[in-house]
Amino acid sequence: MVNMLLVQGANMNHLGLREPEHYGTTTAAELDTLLQADAKAHGDRLEIFYTNIEGEAMNRIYAAASAGVQGLVMNPAGFTHAGYALRDCLKAVALPYVEVHMTNIERRGIRSVTAEVADGVIFGLGVQSYVLGLAAMRQLLATRCGSAG
Amino acid sequence: MVNMLLVQGANMNHLGLREPEHYGTTTAAELDTLLQADAKAHGDRLEIFYTNIEGEAMNRIYAAASAGVQGLVMNPAGFTHAGYALRDCLKAVALPYVEVHMTNIERRGIRSVTAEVADGVIFGLGVQSYVLGLAAMRQLLATRCGSAG
Amino acid sequence: MVNMLLVQGANMNHLGLREPEHYGTTTAAELDTLLQADAKAHGDRLEIFYTNIEGEAMNRIYAAASAGVQGLVMNPAGFTHAGYALRDCLKAVALPYVEVHMTNIERRGIRSVTAEVADGVIFGLGVQSYVLGLAAMRQLLATRCGSAG
Amino acid sequence: MVNMLLVQGANMNHLGLREPEHYGTTTAAELDTLLQADAKAHGDRLEIFYTNIEGEAMNRIYAAASAGVQGLVMNPAGFTHAGYALRDCLKAVALPYVEVHMTNIERRGIRSVTAEVADGVIFGLGVQSYVLGLAAMRQLLATRCGSAG
Amino acid sequence: MVNMLLVQGANMNHLGLREPEHYGTTTAAELDTLLQADAKAHGDRLEIFYTNIEGEAMNRIYAAASAGVQGLVMNPAGFTHAGYALRDCLKAVALPYVEVHMTNIERRGIRSVTAEVADGVIFGLGVQSYVLGLAAMRQLLATRCGSAG
Amino acid sequence: MVNMLLVQGANMNHLGLREPEHYGTTTAAELDTLLQADAKAHGDRLEIFYTNIEGEAMNRIYAAASAGVQGLVMNPAGFTHAGYALRDCLKAVALPYVEVHMTNIERRGIRSVTAEVADGVIFGLGVQSYVLGLAAMRQLLATRCGSAG
Amino acid sequence: MVNMLLVQGANMNHLGLREPEHYGTTTAAELDTLLQADAKAHGDRLEIFYTNIEGEAMNRIYAAASAGVQGLVMNPAGFTHAGYALRDCLKAVALPYVEVHMTNIERRGIRSVTAEVADGVIFGLGVQSYVLGLAAMRQLLATRCGSAG
Amino acid sequence: MVNMLLVQGANMNHLGLREPEHYGTTTAAELDTLLQADAKAHGDRLEIFYTNIEGEAMNRIYAAASAGVQGLVMNPAGFTHAGYALRDCLKAVALPYVEVHMTNIERRGIRSVTAEVADGVIFGLGVQSYVLGLAAMRQLLATRCGSAG
Amino acid sequence: MVNMLLVQGANMNHLGLREPEHYGTTTAAELDTLLQADAKAHGDRLEIFYTNIEGEAMNRIYAAASAGVQGLVMNPAGFTHAGYALRDCLKAVALPYVEVHMTNIERRGIRSVTAEVADGVIFGLGVQSYVLGLAAMRQLLATRCGSAG
Amino acid sequence: MVNMLLVQGANMNHLGLREPEHYGTTTAAELDTLLQADAKAHGDRLEIFYTNIEGEAMNRIYAAASAGVQGLVMNPAGFTHAGYALRDCLKAVALPYVEVHMTNIERRGIRSVTAEVADGVIFGLGVQSYVLGLAAMRQLLATRCGSAG
Amino acid sequence: MVNMLLVQGANMNHLGLREPEHYGTTTAAELDTLLQADAKAHGDRLEIFYTNIEGEAMNRIYAAASAGVQGLVMNPAGFTHAGYALRDCLKAVALPYVEVHMTNIERRGIRSVTAEVADGVIFGLGVQSYVLGLAAMRQLLATRCGSAG
Amino acid sequence: MVNMLLVQGANMNHLGLREPEHYGTTTAAELDTLLQADAKAHGDRLEIFYTNIEGEAMNRIYAAASAGVQGLVMNPAGFTHAGYALRDCLKAVALPYVEVHMTNIERRGIRSVTAEVADGVIFGLGVQSYVLGLAAMRQLLATRCGSAG
């Protein structure tokens, strides 16, 4: 069993209502249901946290690290462009981190300032970016435990 | 009758006290009185929201869009420089948006990252930038309704 | 009563025929009628001057300043990109200056070299950019007279 | 029969006298004779217009478009570097446009600001650049008529 | 059943022997065995092609597209930096494309010129980048078939 | 007696736990004890405020300025990279400001956007950066009082 | 009679199947037929060589120069972006060279690294770019022979 | 006796009225009187030509070169920033050319695009820049005649 | 007791006479007196060396390192902009180094090429920058001795 | 005895025939004779490999490394500009590598992307660059053996 | 009578022997004789100082300012490129300063870092640049005395 | 017999003591002994000159050129970064010049401003860079004499 935190960055609360030509029509609530089902199927614990305030995301990540969460999956979304403080936070906590984006940010000319501190990055695959992100995290944690055991 | 939200971005709370050579001596309270009078004269509903936290501005804008506000006028102020998440928010909601600045930001070498998603931009005219911003919004909404009717 | 000059820069003669997806279908003649009506309604004197030659615009502005025109509204249009001589002219004459553009030049990646010497800038609002530009000029002149009186 | 305008931009009046290591020794008059002979041989109508003033080139192009000229061939010459207003003019009129340069502007480190709005560009081939430019225009017009017929 | 091509770009033949601090100690042969096993487990057909010559990769991709391969997974590896011709090839063929990298290329300051034309991109997860890449391709193809059926 | 505010910017809450090769092993609590002892020894009043939210730092600074705090010492930390709104806030309030960083930000290639509005800047000296920052502030205030007296 | 080599660079084998909105629907085979007919009509010898491998293009050009080919026409296509070795090859052989592109590469923001070593460049005219390229080469060779004779 | 043309570029007609903190209070007419007196004292012929239109300056320079003027002194003024066509004109005519500016353009961050084709450049010395410019031209012409004689 | 060298870089000899709006009116002699008093009060040995020649500063620093000086405080002053050889010298000797500037160099747009090799940097505090620089050096040396003891 | 591979990059096959003002008149065959004589004189084994295809160079280098070649000398020539895949290959194999160029590439404004991974670089000395390159390789191998022995 | 210092920067000692295609064949000694004759003819005192060491030039300028020299003429020569310390020196002393260069530094792509602090700049006129520089200085001093008297 | 000068630029006096991970442990004295032995073995005259002052290096080079030295070998060391005056000196004297660096400056991101004026450049080979530099100079001088004889 794995204990993961998924952070949904700025504007993800509006998913499904926002630029559907980029993000599709799945709403935030539907995405949560889908991902919780995926977590349940794997016997994992998954908490999902939405915020539009960068510092709140950081507060949540520090709290998770203290509370024993094992891995962080995050779509930095609106924080992607200038989330330098968030990037410093990710360096400060020792949590494994997989970054996901629904769209191909390279094609859209967006550079993620947090990607450089990620263990893995997955983008362009819509809702599947999240599903693969959770899978990647499980694998990361399995490998680390294995090498430690 | 038009229903508008005016967002006053970072540091606008300090208006009148702050760099009067740039921003004059009208205080935030005096500006609010002036703009509410203008709204009342036109039979409009105007809510004014001040915040120093970018994510709070976004939360307020999402709430306004849900609550039937028809148009957004905003002085991004301190968010002008790096408000990328705010810009994504403005793209995500479908509200008509007019951006205003009291000073000539071009002359001061400031580039607004939110201006590109505005319907109209007005700057350099001090308190009048707001008054013209409200006028522009009324006209925008009238045109859209007209073309829809 | 206010005495204003409106300069229409390069290619504005072709308005209404030119890239209607950007500039709409109002022709130059229709725009002039609309703005003269607006001026008449406010008891103002408005002269409108079209030219494709930057130096002619400058000659006209110098002549206007000598002839007692009180304020300049201009859409630099084709001169927006490289009108450095025009910018120097605007600095040289002491006329209040409001710059207008029909389209959102920031969104189109166009930087105005004359904007930095304007008292105010209004863009993105189509024909309304002109109407608001005249209103801004009236207000500017009223304020200056008031503070001098 | 095809009705074409050839615009010779800034400094082309001096052809044959100017930097012969770049432009050869054919004079403007000799070039005109050569190109009129080529036009006559194809049964075309060709007007050639020289100017050192960018706005005059624009005025001439607008007039040609109104007068039924079917295609524009132009060597922007001195306007190549900063002819942004001219570029906007070319976008505004709907004329097919072939741009020609006598020299290899890429080798000389010159970037043409008007090339991006051309249907075709031919450079580096001296006087033949013009002859090929007229041929390209005939072909363009033939294709468009054919596809419309 | 899915029919996929995996292209291993320049220097991947040396995997396991090359910079193990970046790429680990799994050899190319071991990786192939692992991925073929994964393909077999899903009932898929997977061909793996190694080359150090960019044009050979392109030839192989064109041939695959003609031969009915349904999806392309590729680690451009040494072609990542300047594989512009390869990028044009990917645009030219209509194959779904998932790009994978074993390392976090963002952290290493490497920009992939092919990433912008990918449907999805996965990097930083070592050998798992490939496994997830195949999974992503299966999902992509399932979605497209589903939406077509 | 001097009344000072010390703001600890984003991620400083994690001090001692975070990247000890950069920041050492002194925790935030130990640092506070040390600095309060230093303040007490000088007979000063010192308030220390930690936040991960840029706008909260601004709110706190505005409140301090209203409440009679005489000087601000701040480690912008995570706000260093893009704290433009915070910089505007520092310009808006008239408080003397000394900026401190524990590490040599120049060596790490970090540029502080707030440093340009500081009265003094001290970096690279670990915990001593704070001690010297308080000393610098005392001196600044003594000089200003002296010159005013 | 003229003896020419036409090199079709990377991805041109896919012509007619590839991005028809840019390149039209004429296939490589149809283009060859058209150009061979044009060569035959002028009594010329024309060899057409397709390759996706830059070094093969260079090998072919060196061989052609040794075998008495008089002129090179080339669409560098996929080699346009980074074909520096190819550019050095063109400098090394003394063959007259005309570069052609079917599309307006300036409009698409593509810079050709080989254009600077061409005698002439023609782009934007689709299949006609090739026809005009052969014409330009005939003219170039005629002029050189004439000046030598 | 020397026969010289002095071209006064864009906005110089306004001299003495324009930004006196930069250009002093000498008017254009007073400057002309001073320079004609200087010419007369040296037995030279001096024509002074003012224009705000770049192409007119070029026309005048071509005419002067045909009419036997021996040297050109010019303050490009408003043409300094983007006078590329004027620069090409200066290269095309063979006239000795001395460029003058009243102010220190380096200090003001202005780069002259015409300076690179000048024989000599003098700036920063107000009205004396012109007087020294005429002296430099006399010396240039004397040297050239001397070396030819 | 601590043995320190203070190097005063280019133009510091002119202190108090030079740009007093930046550097105040304290002369070099007065500053020396003040700092020697400070050193004496702490029982330290302090040598102060002024030079306008970068290589002389380096010679002095190498000599000091050989003669047992324990720490270097330096205001690189005129060497700040391009003192690359000096920077290499600082890397070559193992002396602890604290860099000081009287003014806020960040605000003046000056980048120090030597700052990256400093243990600590203090700027903007006028004469106090030196006093704090000596204090920082004492602390640095105490810490290093302590950790070694 | 030393076993070395010399790779001659793109266009070196044409040596002596190509741009003799840069590369002299020694042909590839003459150079090979000269270098083999030098190798023989030192009792070394030297293989020389020419290719215009970057991937073939890489294939040859991987093969050499497997076959016991001890050191690589290479003139990347046409691969100098964009040979990123080749650079990665050089990092991947553990062979000592000395890079040579006949001309002063710094003077010609050429940056070698492979130079950063070389043990030594020698350029500007024509044919002697190769002779010194072999000497450098012998010395490198002697030192390494010596330190290992 | 005027008391002037002429500083000849790095490499000017070699004048006449150095790159005569740029600097002519007049030697340093011949230039000195010519300029002293010019000074004598005007009843001025002129000292000429050559140095290859930037700091020595600064020492000499500080000494001159103390000794009552009224004006500085300088050809920074080799110090032109990176003489930042020299530039600071020129700002620090209050001497009028005219900068001269024998060649057109703009054409050669050289930017003078000291030019921005000059009262006047003269370049491109060979030995006459010095003669005009002295004349400019005399005029500057005359004007200042006149305005003070 | 050959007469050579070796200049050791800034900080080379500290060789063997300075950053041994880059420069090894051979001291300046040991290096001199080694190189003088090498010179003696070839019957050459070699003078070695160390300086930290750029202008002194220039003075020495001018003196050497006057005194009949035939060739210059130099490690500009600390002058590598900004030795523009030194570069001009190297252009001014006609001495053959070979530049050497002990380390791979390309790998360290250092650009030599003097390299462009060298006949040959050798770097990355530690002490052997000097030995090869002397060999290269001997060869250069032999070739030049040979071609003159």
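So that you can tell them apart, the chains are marked A, B, C, D, E, F, G, H, I, J, K and L in the order they are listed, and the count of residues begins at 1 in each.
We adopt the following convention: contacts are C-beta pairs under 8 Å (C-beta built on N, C-alpha and C of every residue); 3 or more make two chains touch, one makes a residue touch a chain.
It should be emphasised that the depicted structure is a prediction, and the values quoted were computed from it without experimental measurement.
The contact pattern of K-L recurs in A-B, the pair among A-E, H-K or A-B where over half of the contact pairs coincide by residue number.
In terms of C-beta pairs in contact, the better-connected of the chain pairs A-E and A-B is A-E. Rounded to a whole number, the gap between the C-alpha centres of subunit E and subunit G is 32 angstrom.
As a whole-number value, the distance joining the C-alpha centres of subunit C and subunit G reads 50 Å. Annotation for subunit C: residues touching 2 or more other chains are 53-54, 56, 82.
Across the complex, subunit A is touched by residues 104, 106-107, 112, 115-125, 128-129, 131-132, 135-136, 139-140 of subunit E. Residue ranges on subunit I touching subunit K, taken from their complex, read 9-11, 13-14, 17-19, 51-54, 56, 77-82. Per the touch definition, subunit H reaches subunit D in the complex via residues 53-56, 58-59, 62, 82, 84-86, 88-89, 91-93.
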